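To keep things simple, chains are lettered A, B, C, D, E and F as they appear, and every chain counts its residues starting from 1.
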Amino acid sequence: MKVSARNLIPATIKQITQGAVNSEVVMEIAPGVELVSIITKHSVENLGLKEGSKVKAMVKASSVMVVTD
Amino acid sequence: MKVSARNLIPATIKQITQGAVNSEVVMEIAPGVELVSIITKHSVENLGLKEGSKVKAMVKASSVMVVTD
Amino acid sequence: MKVSARNLIPATIKQITQGAVNSEVVMEIAPGVELVSIITKHSVENLGLKEGSKVKAMVKASSVMVVTD
Amino acid sequence: MKVSARNLIPATIKQITQGAVNSEVVMEIAPGVELVSIITKHSVENLGLKEGSKVKAMVKASSVMVVTD
Amino acid sequence: MKVSARNLIPATIKQITQGAVNSEVVMEIAPGVELVSIITKHSVENLGLKEGSKVKAMVKASSVMVVTD
Amino acid sequence: MKVSARNLIPATIKQITQGAVNSEVVMEIAPGVELVSIITKHSVENLGLKEGSKVKAMVKASSVMVVTD
């Protein structure tokens, strides 16, 4: 399976907060560097995500912005 | 200035490809780990982005997906 | 700090509804013109947002659609 | 026709820049306040958009971020 | 009313799950083919959506990815 | 490989328009029902997409809106 999304970053899940519809998934992509995702509660269950899971964070390039100081 | 977007990742610009309207900005966030962004050509010029620029990649949490093997 | 996002609109927060994961933030950008945002509950707390706060609404240009009659 | 997108802002088109695939549409939503949209060139043609057109800018609430000073 | 969003797919609502802020709307676009949307609870109520409602699912082209085997 | 994105729709590519940075990919998901995607030119080449390719269109649930008459 190959996806057009340009960004696939290896990550480890640190924390999951469940809501009624959405869940917040906090991942670590490097020591001290977190990446946060909001996905549906259904997907958290369907993928069997839990703290410690090795996953990839995926982001479409058109969703990435650039910031300067 | 503080933003609600949860993800701000330090990065260095490696390559910029200009189109008529949009530009592709390839960044490096760790040795060998790239992050690609599509922003407007106008923003590339307005922020004075070029190869080697130290920036931050910014992503809203609701734009981040999770992938498992 | 400069961002590639093209749209930054001065706004005043009128109402915040908190969920377990996400919050709805209703802003006013002109008399009678509202703009609604969904951000994480964590960001509402981290930015100290409350009714009456003077903020800016930020939108990436690729997220804006155009409608005609 | 009613849409779930929470944000529909009356606007006037000021400038359109055409690329091969995407177009940049600069709108004015209040005197001196611009809103920029990237849509397909096909949609610009299909909707018959041109400078001076009275339109509405539409944004899904989950695409709106909040910024503080 | 015409929209720049390129994708408008006829659908029937099968299930709605309400959260405090967001709702999950499961639609059927063909026998056995589902399409899931997250919109605000406010929009579900404002549009009077319920199971069995005939609607259209709308997606901006820049939000669609492509996957191969 | 499993993804959190809730929507994966089988499709056949009908037409690809290449720009300098982005490409427009028109797919058919049912007889007469098209789905249009904007992805980077790089992804079109990397995935080897061409007219007639059997693919899946992928959409995150938070990018799907609902429209009523």
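Throughout what follows, a residue touches a chain if its C-beta (ideal position, glycine included) is under 8 Å from a C-beta of that chain, and two chains touch if they have at least 3 such contacts.
Remember, it's a predicted structure, so these values are computed and weren't measured experimentally.
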Touching chain A and also chain F, the following chains: B, E
Identity of the chain that, by mean CA position, is farthest from chain D: A
Listed pair (A-F, A-C or E-F) duplicating the D-E contact set, over half by residue number: A-F
Distance from the mean Cα position of chain E to that of chain B, given in whole angstrom: 29
Chain C-chain D separation of Cα centroids, rounded to whole Å: 17
Junction residues of chain B, two or more chains touched: 1-6, 19-20, 22, 24, 36-40, 42-43, 47, 58, 60-63, 65-69
Chain-to-chain touches, reported pairwise for every pair that qualifies: A-B, A-C, A-E, A-F, B-C, B-D, B-F, C-D, C-E, D-E, D-F, E-F
Complex contact set, residues of chain F against chain A: 1-6, 37-40, 42-44, 46-47, 58, 61-62
Residues of chain D touching chain F in the complex: 1-5, 19-22, 40, 42, 60, 62
Touching residues on chain F, where the partner in the complex is chain E: 5-9, 24-25, 27, 29-30, 33-39, 43, 47-49, 53-69
Interface residues, chain D side, partner chain B - complex: 17-20, 22-24, 36, 38, 62-63, 65-69
